[in-house]
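One structure is given below, encoded as structure tokens.
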Amino acid sequence: MSLMDILIILVPSTLLWAAPLVFTALGGIFSERSGVVNIGLEGLMVIGAFSAIVFNLFTFDTFGSATPWIALLIAMAAGALFSMLHAVAAITFRADHTVSGVAINLLATGLTLFLVKLIFDKGETGIISKGFSKIDIPVLKDIPVIGKIFFQNTYWTSFLAILVAIIVWYIVAKTPFGLRLRSVGEHPMAADTMGINVTKMRYYGVILSGALGGLGGGVYAQSITSNFSHSTISGQGFMALAAMIFGKWHPLGSLGAAIFFGFAQSISIIGSSLPFLKEIPNVYLLIAPYVLTILALTGFIGRADAPKASGTHYIKGNR
Amino acid sequence: MSKRFKSILTPIIAVLLGIIVGTIIMLVSGYNPVAAFTALWNGAFGEVYYIGEVVRQFTPYILAGLAVAFAFRVGLFNIGVEGQFLVGWLAAVWVGVAFDLPRVIHLPLAILAAIVAGALWAFIPGLLKARFRVHEVIVTIMMNYVALHVSNYLIRNVITNHGDNSGPIHKSATLRSPWLESITDYSRLHWGILLAIISCFIMWFLLERTTRGFELRSVGFNQHAAQYAGMNVNKNIILSMVISGAFAGLAGAMEGLGTFEYAAVKGGFSGVGFDGIAVALLGGNTALGVFFSAILFGVLKVGALNMPLEAGVPNELVDIIIALIVFFVASSYFIRVFLDRISKKEVK
Amino acid sequence: ACGKSDNTTKEPAKSGEKKTDFSVAMVTDVGGVDDKSFNQSAWEGLQKFGKDNGLTKGKGGYDYLQSKSDADYSTNLNTLARQDFDLVYGIGFLMQAAVEEIAKQQKDSKFAIIDAEVKQPNVASVLFKEQEAAFLAGVAAALQTKSNHIGFIGGMEIPVIERFESGFLAGVKAAKPEVKVDVQYSGAFDKAELGQNIASKMYSSGADVIFHAAGGTGNGLFKEATDRKAKDPSKEIWAIGVDRDQNDMGPDVVLTSALKRVDVAVQDLSKKAMDGNFPGGEVALYGLSEDGVGVAPINAKADKKADIEASIKDWVEKIKSGAVKVPGTRDELKNFSAK
Amino acid sequence: MEYVIEMLNIRKEFNGFVANDNITLQLKKGEIHALLGENGAGKSTLMNVLFGLYQPEQGEIRVKGKPVNIANPNIANDLGIGMVHQHFMLVDTFTVTENIILGREITSAGKIDIKKAEQQVREISERYGLAVDPQAKISDITVGMQQRVEILKTLYRGAEILIFDEPTAVLTPQEIKELIQIMKTLIKEGKSIILITHKLKEIMEVSDRCTVIRKGKGIGTVTVSETNPNELASLMVGREVVFKTDKKEATPKQEVLEIKDLVVKDPRGVTVVNGLNLSVRAGEIVGIAGVDGNGQSEFIEAITGLRKAESGSVKLNGKELINHTPRQITESGVAHIPQDRHKHGLVLNFPIGENMVLQTYNKRPFSKNGILNFSEIYKKAKTLISEFDVRTPSEYTLARALSGGNQQKAIIGREIDRNPDLLIAAQPTRGLDVGAIEFIHKRLIEQRDHGKGVLLVSFELDEIMNVSDRIAVIYEGRIVAIVNPKETTEQELGLLMAGSNRKEAGEQSHV
């Protein structure tokens, strides 16, 4: 395979794989930047995947080819709604954020499978007839070299992910909302003295994480598995969490980290076809993405600091 | 109401609330809650066989819970218990199949192998955290996947010749005993439960009673103060991961030498390591708490298997109830506020 | 869905009349009865058997228990045996050890294991010659390919999948020796994104037919194939399913599927057991001759449909007659020659 | 008489503990009104009530005669009340401008218009003489500048009434002077100020009237020009207070600590200690005077093993200790009262008793064969608690629950009890009331009299002048002068700390 061939395969699949992680990691950023640790991302993806697939299955006849996109909105709404549980527990009821996040993960898996059995009377849903499929981006696809690598045989959702990452960066870094959100995650009492409603901001943060986590799940299910079962979301939420930390709680950093994960995954698959890698045992290729990540972290990324107040409760009048 | 009484009452109320909400869910979705809970009860305590299975089930939960809890107490989040558990399982079975030794040597050796394997697997994230300040959460997540693939590879290519199962361990390495089987009507109950109980004691003693535990707790609460006090922060970080991994590896031995007596290639994670997170958190990261929350988990998980057959209720319902219990325990602040109100009224 | 727990016992069976007090149940692995693969197939067989013989779902009729982890197999098998089901199936090679153990304890119960062998007097082992189905799939693939380049995606490297791989490669070699086959294992049965990734790579590098034996990972193959076809309908893009007819996964791209008729085997064995001919201690081998494996109908959109069907018919004869012995391992494959 | 603020009969409880009991405070327009009281008297609580952070159980607040209900800081802001908190309310990772505009951002098209905001910050800072760099990150600027940011925050919101809660506790003499200047400017601009401070001298210098509270109760309001520090102090404490700590002449003996050419970098890699030389003898107190940020923290961290030194030599009783571990250094006879008691000094989640053995937990009798002996540990804790007058419900109380002064006493007790050859005390009295300060100074001198070497780092010139036997002035990471406290003046020290050389300083201060 020539380098060009490799890139043509590598880039779209990297982005396809990365997109759900990007959305979810961005969700994690909203939550953690507001000071609420969210290890429930996995569960939020489960909810998103479930609701997107169920909605898609039931309304395809009504909405036709717009179904997957509407299903994404539904997934976001479902994720947002579900994340309220985490918000109520972690913010209002002062639950340990990690415990509440674990509960979210357990609850999401249990509840969705329970509902699948209730709705479909079996353990998994059917296949959706329309998900996100391969496209060539008009105009851009004709750019020499670049067009072929980046804009052909790719997915709208990949570009949506990049776009959303930029938007989230803009919101977090440039708008009053972002400034307030970050202040609440760094020093809630300071924010309070400046008249910012800490509780409200944290609710926003968590709910946005739910919406984006749901979006991530919806994108994953509709662009990769096409159905929902117990194995649809199996660890992607934790990978997104890792991407968020890897990206140092920065939207563009997390975008990069998720793309790195996708890249490592894809390269390990391509690897088996490369002449010089052909002979090595499969297991090395299977573990390559994870080992590469560890090496990357150790080598150049090093320490990352979470928002200072993340994981803490803000109780008015306490110091 | 005394403070102590309240702190006991709080988790009980959380469990009740979980069950109540679970009941509501069943009613709403048209299932019969009485039948479901009866089935659950029968599935966990109905016969001595099931009691044996419940104990068998919560044995690794205790150890996985201790593993998570131990790291937590030193300020580290070990999501990698699953991976350490898998390598522990494999190491124990490997020793179990590869050697043929007298039981007094073979069994301890196999257990030791599991402990060492788990400890080594956790040593890596510990070292990276201490040395390079790499976030342990990412590394342990990645190490889980590596453990899964590497142990599958070893089973296929090293322990067997392209087989998918190590084959049973030698009887000299098993934790099971005919006597335990006979009193529990052939359940897979094994002596590992004693090791788990001893481990609870070790965790408590180590953390609360030894100078090493004092250091570990200090590092967990305030690294700067620990450094100021002359403690070696990095060494303690690594040590805590290693001890945590050792518990996880021992949990793997419970499966490899007790429940299964073999190791097979796996398509995915066993879930024990992740359940360990919930067990630890539910148990407040203390040894005694972990012990009780593991029992609760074991009862619910084993009992749930009986629900579809006896009551026609999907066993996911139990997952929901477990989640709700964790949730309510986490949110026990509002339960405490509620209890405070009641006790204030009592005074008036 | 109200009163679920009731209708299992109270409602009388609709189809068939209750002729017997025979009861039968199965334990699924973690995939559950709807894994679109052999668990589902087994359950379909059991349901059909039940209806044919007037049994009701539930205790004393036919039922299943789903395992939520590997540790549950044993408990579930035991529970069913204790509930006095006459025959209890363990579905999948993962359950081998558990079936063996429980069979030793519950000597009065009958057990059957699918996809593995357990040497106990009260256990019947059901094995399939997956290689024969895969062989036919290989023939179909070889005849359909235009680029003379096809792919195989395996789940985990375990003996069953090795049988699929070997049979498939043998079939390709027998039909068209010059065809190149890419073989890649994803290492998992539940990672659709890996399936999609591998499929994408294979198609991009020129393959036009891909066969998967990878469970849920295969979902990714169908997704990729359907996408490519939708984008450029003129392109030759085919996928081959496994275990059951997977045509529903992509009506435009599924060429055929290598069938593993667990349902047939389950019905057959249950019938035998009911009639008192339980083959305890034996291995029941289901191949082409027993109708235990086969291929699904060739997709009508395939231009080579007729050729393929003819050729398959041919090979089926040869295999049934014993003239051709399909290799089940890589070693056998090395020495395989169709002539 | 026009009052801009009237707090009448305010009562505030925390879970049954009465922090403010029927306190009245009236602020006239254009005055600086001091609020005086011991640690824990309830000053911050009263001000937090005024600022809307706490709701009083009883009492009335009037602003310009009108009764108001200040439910949250936003309302306080709208009423023109601004507060500079005792513990700064700044987000470290934000810039100066971001901190100032937080909550009242200037936007254009939904985006923060940072240029315009910076311009506004510049304008306000020029108008009131509050020099800041609008683009600097909070974590990169000095404490003094951080405080100016706090003041700017209130001015940016148009505050007419400013509350300063212990603003000078963390400032250097120069910065204090500047702050006083700023306060005077603010008054000229028509603002009114409530000033909380423990420093009577400051009250005498700037304020018009002073309200004294003791143990949550209002004692009364006095006009400053009609009173004196002694009267204020006894009003506050309820007894006579001695100011100047009595001490005998020092009798220094052999050298305990000898530092040569010490070089240390800060976390960002900037060399902040740059060839420092110093020696401390047994039986003397050497005070390090200097403006914050001249390498004091890094210097102390390096000689206690908390930070790596680049080069140089640190000898204790002739033994080289440079870059040894904190434990080796502690065990060679160095005790350290750290600058930040919460960060380094205590494990706040441990009982105060266990904090008492933070370095010695592994020694007999507290530990035997690796196992802790809690009865010995708590026995020791009990003795230290009574010996050092640590006010705590019991030795099992979490360190977190103790007040700052009592936490500090516990640390000092622990360190002195280890019977070190050298006692390093960094900012030992920061934020403490006069009673506690008096106690700590006595202890330091007592150590000296027992023949220990004491190294004292403080930003409080008073403290340095009162306690030290020799004063070493640190400037840009070097000791630039050693002076005798009896032969120098505050002015001279101030100039030396600002970098002028000895001779100039001497001349200027005598002009």
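Letters A, B, C and D mark the chains in the order given here, with residues in each chain numbered from 1 onward.
Please note the rule applied: a contact is a pair of C-beta atoms (placed from the backbone, for glycine too) under 8 Å apart; a residue touches a chain by one contact, two chains touch by 3 or more.
Because the structure is predicted, anything quoted here is derived from the model rather than measured.
Trainee: Counting one step per pair of touching chains, how far is subunit B from subunit A at the shortest?
Mentor: 1
Trainee: Steps needed, at minimum, to get from subunit C to subunit D via touching chains?
Mentor: 2
Trainee: When all chain pairs are ranked by how many C-beta pairs they have in contact, which pair ranks first?
Mentor: Per chain pair, the contact count peaks at A-B.
Trainee: Roughly how far is subunit A from subunit C, going centre to centre by Cα mean, in whole Å?
Mentor: 34
Trainee: So what's the Cα centroid distance for subunit A and subunit D, whole Å?
Mentor: The answer is 45 Å.
Trainee: Using CA atom averages as chain centres, what separation in Å is found between subunit B and subunit D?
Mentor: 47
Trainee: Which subunit B residues reach two or more other chains?
Mentor: Those would be 29, 149, 152, 268.
Trainee: Using the touch rule from the top of the page, what residues of subunit D touch 2 or more other chains?
Mentor: Nothing qualifies.
Trainee: I need the residues of subunit A touching at least two other chains; which ones are they?
Mentor: Answer for subunit A, listing residues that touch two or more other chains: 118, 231, 234, 282-283, 286.
Trainee: What are all the touching pairs of chains?
Mentor: A-B, A-C, A-D, B-C, B-D
Trainee: Give the list of subunit C residues in touch with subunit A in this complex.
Mentor: Its residues touching subunit A are 1, 30-36, 66, 157, 182, 184-185, 187, 190-194, 196-198, 200-201, 204-205, 216, 219-220, 222-223, 226-228, 230-231, 248-249.
Trainee: Using the touch definition from the top, list the residues of subunit B that touch subunit D in their complex.
Mentor: Where subunit B meets subunit D, its residues are 209-215, 217-218, 221-222, 224-232.
Trainee: Within the complex, which stretch of subunit A touches subunit B?
Mentor: On the subunit A side, the touching residues are 85, 88-89, 92-96, 98-100, 102-107, 109-111, 113-114, 117-118, 231, 234-235, 238-239, 241-242, 245-246, 281-283, 286-287, 289-291, 293-294, 297-298, 301-304.
Trainee: Which part of subunit B faces subunit C closely enough to touch in the complex?
Mentor: Interface residues on the subunit B side: 29-32, 35-36, 43, 47, 49-50, 53, 56-57, 149, 152, 156, 162-165, 168, 186, 188, 255, 259-262, 264-268, 270-272, 301-302, 304-306, 308-313, 315.
Trainee: Sort out for me which residues of subunit D touch subunit B in the complex.
Mentor: That would be residues 304, 306, 325-331, 336, 338, 343-350, 354, 358-359, 361-362, 367, 370-372 of subunit D.
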